[in-house]
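The same chain A turns up in both complexes below, where it pairs with chain B and then with chain C.
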Partner chain A sequence: MNIVAPVKREMHVVHSRGDKVFRGIVTAGALTSLVILGLIGSFLFARGAQVFSQYGLKFITGTNWSSSLDEGIPSEFGMGPMLVGTIIVSAIALLFAVPMSIAGALYIEFYATGRLRKILSGLLDLAAAIPSLIFGLWGIQVFTNFGQNWAEFLANRLGWFPLFNTISDNYGRSPFVAGCVLASMVVPITTSVAREVYSRTPRELIDTCYALGGSKWGAIKTVVLPFGKSGVVGGAMLGLGRALGETVAVYLVLNLNFRYTFRILESEGGNVASLIATRFGESSSEELTALVAAGFVLFLLTLTVNMIASAIVTRTTRK
Partner chain B sequence: MSEFTIPQPTRPWDRKRSEVVRSGVSLAIVGLLSFAIVLFTGFSGVDGWALCILLLCVAVLIYRGRKLSKKERGNATVQLVITAAAILAFAPWLSIFGSVLVKGIVGLKVNFVTSDMRTTVPDDDLSMGGALHAILGSLLMVLMATIITLPLGILSGVYLTEIKGRFTFLVRFVIQSMSGVPSIVAGLFVFTTYVSATHGPTALGGSLALGILMLPTVARTAEEVLKLVPDDLRSASLALGARQWRTTLMVVLPTVRSGLITAGILGVARVIGETAPLLLTAGSSTAFWFNPVKGPIASLPIYVFGMLQIGTEYAVNRAWTGALVLMLAVFALFFTARKLGGKDKR
Partner chain C sequence: MSNTSSVLDMPEQAFAGLETRDAHAWFGKHHALAGVSLRFPAKSVTGLIGPSGCGKSTYLRLLNRMHEFIPNSAMAGEVLLHGDDIYGESVDPAAIRLKVGMVFQKPNPFPAMTIRENVISGLKLAHIKIDNEQDLVEKCLSRAGLWKEVKDRLDASGGSLSGGQQQRLCIARSLAVEPEVLLMDEPCSALDPGSTLRIEETIKELAEKITVVIVTHNMQQASRVSDYCAFFLSDGGPGVLVEADQTRKMFTNPTDTRTADYVQGKFG
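And now, the complex of A and B:
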């Protein structure tokens, strides 16, 4: 006898007029986010286009940002040092944040027990909700005192290393300190993504590891970490997106200076978002155009990073 | 009748209670010992103390490790490394909560929430002036942003869960990427399109910028809660002859009402502390006037930011108090959202 498995019936839906209207409204509502994103990009580009056509690539690589109200002296806008500064600060932040996040996520998932585990995961959720302004306030008023000492220590002991080189002994408000503050902002994001992925590790695999006589570290090393790898990368990229675009926290902590600098321990650095916040209030219309153009560059940068990040995170958490 | 309990999966990696107690006790001893060392030697400060504890732990590990097998030694080493790094990760947040509480409570007097800065300069005594105008301004802008954003967010959620049309992937992707738009870029956008074209910074400008930042959070949370609605409910409603729009409006949405409110609350919590966009779009003032489309308006984040820029002792005190109020507001919103969010699942 042949047993035929029942096939799912094909269903054709004919929507009534009311449903068509409803679906139209909902689709339009859902597409507003697309429209807004498109508008942001196109408006910023349109307003900044003049600067892009006038300076071309020099806007990205140029080192001088001077606005003059005098007709005789031309203004000059190049955001190179700011862009490099943004990348330096974000890189420092990620350098600290990623290992800390992996450790934090592993600790919550596998080391903390009972009540401590609950408290820590609650703390993690709360930390993700702290406004960046408060991170900035804490950074400049509390953390700088510590960060300064650490920077001084690094400069004195490891000054031979090119990055730790200093020529003045002013260590507060440096890219290093700003990077640390950003790291503490990025950690909640990356940790929650990492934890989410780690908690999805198949139990059979962990159990198998234990059954074969593996230790806890063995299980983590051979099962949990490889399983969560792409999730952690995605979480780190999300954190990078936040670090690149962060304004107030960096603005409050970092001493903005228009010069290429790779001496991260010293009290000067660059940041695109802070540049916009700093110059915005007192800018001429010409400089304002340049600031909008800088905003467009920042928008493209963070959008790219975020798109990659969300693609990775969606792919890994959907399974 | 006997009760059956479904066996819960155990966590074989959890440490035994005796182990936890033992490591706790030894950590306490090490901590005290390091405290003594900090008192008498060159290490100083909280960070010096922490470093001292870590070094002592490493010493203990090396000493004990001689007797252990290779596997146990590896385990213990990794445990120390992970614990230390995790403490380093959690410490800043504790420090933030602590310092905001300690430094903010100094200026938290009744007048802080009942008076504004109309007749007070930041350097006046803390018993004069307050942030009422900033609180009201923040509330107004956040309320307006919610009114604009919540419907759009819910529509996006409904699209992703009920209609599942051909843009599903695109909409989800755009919402994801939109959550990464830097806040200052949102401010810049509203500035170039709205603020510079009208009379300068206003509450409406501020709330538009906040709305852009809020939308992804609301949409994503709405999608998550709508996913919780059982398909049976939809099928039952459709089987009774209701059209899709009636099913959605009268069955699906009411089922997750508190979840949708949660989405709104989380959105508010996301933007209430945003500073950068308000710098560009809402400006600041010393008193509150209810006029959303005319004149700059103060807000709590800008109040904190401005006071911090002034930098004198009393001004900084005011900034910390503002930060405390802000943080309490965020946490209150957060806990409300959690309470409500738990309701639908039951």
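And now, the complex of A and C:
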């Protein structure tokens, strides 16, 4: 059968003027954040480019950071240990923070009742807003005192394992302690996000678990944890963003040390952000450029970690 | 408040072992259900019918202790399973829910699981050992009328099925723990007419082996699928059981005029 249709007529959706204005506003908002990100990245790169061309890969892997004011002796800038330190301290922080946050979020959402639940979630949001300086001060004044006992305990029991090996008997200003302080900063925000996600678990799915003869823990394991997985990864990323870029707390707790170290209980280490904070005030223009370049590397690292994380989230949720 | 709660007449061997005596339910201060005494016939479908807010879903959730998950809820009276009060002090509610299963209104397979995993999820939740997983999965899916459609893609996500298939998967999931009684809370209200018919066929087949109690808003569905009907009604106060009888009698010659008005569509 042959169907003869009349001439096709182009169709397009007609927007009102209000729609167009609103569209413009939200587009501008979305673009602004992209533009700002691009501007920061290109500023850091442009200022640091000279350093990258001068030192090449050695800037990333080198282990000597010395600024020379003497014309005869050349300066040397290698941020390797700081980069590794950033990763180690952040990893320690997440290792402690994520399980604690998940447990805390589950407790508030599924076990705490009535007033207690309201108080806890209020406190949590409050804690997420505490400036990192306060955590740093608490870390150096209070936490190091018992944190070093934990570190010593680990060193005594697990010292045969390279990671927990120590040379000196000074545990207080170690990456382990710094990581714990960072964990305490990360926990509130990660818990807050995790709780929010868990609270959106469809009630019917939880009821189904009970109706099948499951326990509360069974329902949490079967439904709540899988449902909240991507959200918790997102929360952990927010926390990690805080940990990677954390300056003051690490600056206060750790002694900067330009040596590659994987001894997390030893009193040495550092991270990129605290390097910048430490050196910034007294730096020559040459060193300032190197610090900006270091900032660019940190910027890239943060961006990469976030991209990997969001890739993981999309992959695990699509299945 | 009327107190006309009636009891279905049946010989003792036809009794499913599940009954309520003067059952009441509250949500906080709101008295939702009053004085329901009802015995359920075995290997048959009992439809709970009545307009919205008459307490029929609440009553259903009393039967497997799901009512208690609503904060500040309360109940009075007795729900007996083989003579034992399921709200007794020493009773494990999870054990009751294994014997009295439930299918919900919206199809809700576990989203992170495959079809196969969904079927056996109840056994995992209840820590029941699985002897022959393949046989069990096939048996449950067959009983739910879904086996032929999914046998080649058991490892696909449960969410990849159509709404009606998902609901049959949920039925298969409930059957895997081998309940004596299956409670269904408007299982077709989110489905298209074709899927609804398939589910109704499944329900009738299930009733050859187990007892089914189904809440439905749909009069035609009640008349098609149920052997017995219980009519609930609220006059603004708590819902009460007006009349319960064989479905045929309820639809042709009910005792109570309110039942007649409702089944003829005069209100509701």
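One rule holds for everything that comes next: the second predicted complex is superposed on the first by the 268 of 319 C-alpha atoms of A that agree within 3 Å, B and C clash if a C-alpha of one lies under 4 Å from a C-alpha of the other, contacts with A are read in each partner's own complex, and residues count from 1 in each chain.
Methods note: contacts are C-beta pairs under 8 Å (C-beta built on N, C-alpha and C of every residue); 3 or more make two chains touch, one makes a residue touch a chain.
Keep in mind that what you see is a predicted model, and the values were worked out from it rather than measured.
In the overlay built on the shared chain, the residue A:Pro226 is in contact with chain C alone; chain B does not reach it. In the superposed pair of complexes, A:Pro202 makes contact with chain C only, with no contact to chain B.
In the superposed model, A:Ile119 makes contact with neither chain B nor chain C.
In the superposed model, A:Arg23 lies in contact with chain B only, and not with chain C.
In the superposition on chain A, contact is made by A:Leu212 with chain C only, not with chain B. Using the contact criterion defined above for the overlaid structures, shared-chain residue A:Gly295 touches chain B, although it does not reach chain C.
Of the two partner chains placed by superposition, A:Leu158 touches none, neither chain B nor chain C.
Among chain B and chain C, the chain that touches a larger number of residues in chain A is B.
By the touch criterion defined above, A:Leu95 reaches neither chain B nor chain C.
Once the two complexes are overlaid on the shared chain, A:Tyr111 sits against chain B while remaining clear of chain C.
Residue overlap on chain A between its contacts with chain B in one complex and with chain C in the other: 207, 210, 215, 218-219. Of all residues in chain B, those touching chain A in their complex are 9, 12-15, 20, 45-47, 71-72, 74-75, 78-79, 81-86, 88-90, 92-96, 99-100, 103, 151-152, 154-156, 158-160, 162-163, 165, 167, 170-186, 188-189, 192-193, 212, 215-216, 219, 243-245, 248, 269-270, 272-276, 279-280, 301, 304-305, 308, 316, 319-320, 323, 326-327, 330-331, 334.
Residues of chain A that touch chain C in their complex: 202, 204-205, 207-215, 218-219, 222-223, 226-227, 319. Chain C makes touch with chain A in their complex at residues 64, 66, 69, 94-95, 97-98, 101-102, 104-106, 108, 110-112, 121-122, 124-126, 157, 170, 173-174, 177. Per the touch definition, chain A reaches chain B in the complex via residues 15-16, 18-19, 21-23, 25-34, 36-37, 39-40, 43-44, 47, 99-104, 106-108, 110-111, 113, 120, 123, 125-127, 129-135, 137-138, 140-143, 146, 149-150, 184, 187-188, 191, 203, 206-207, 210, 215-220, 238, 241-242, 244-248, 251-252, 273, 276-277, 280-281, 291-292, 295, 298-299, 302-303, 305-307, 309-311, 313-314.
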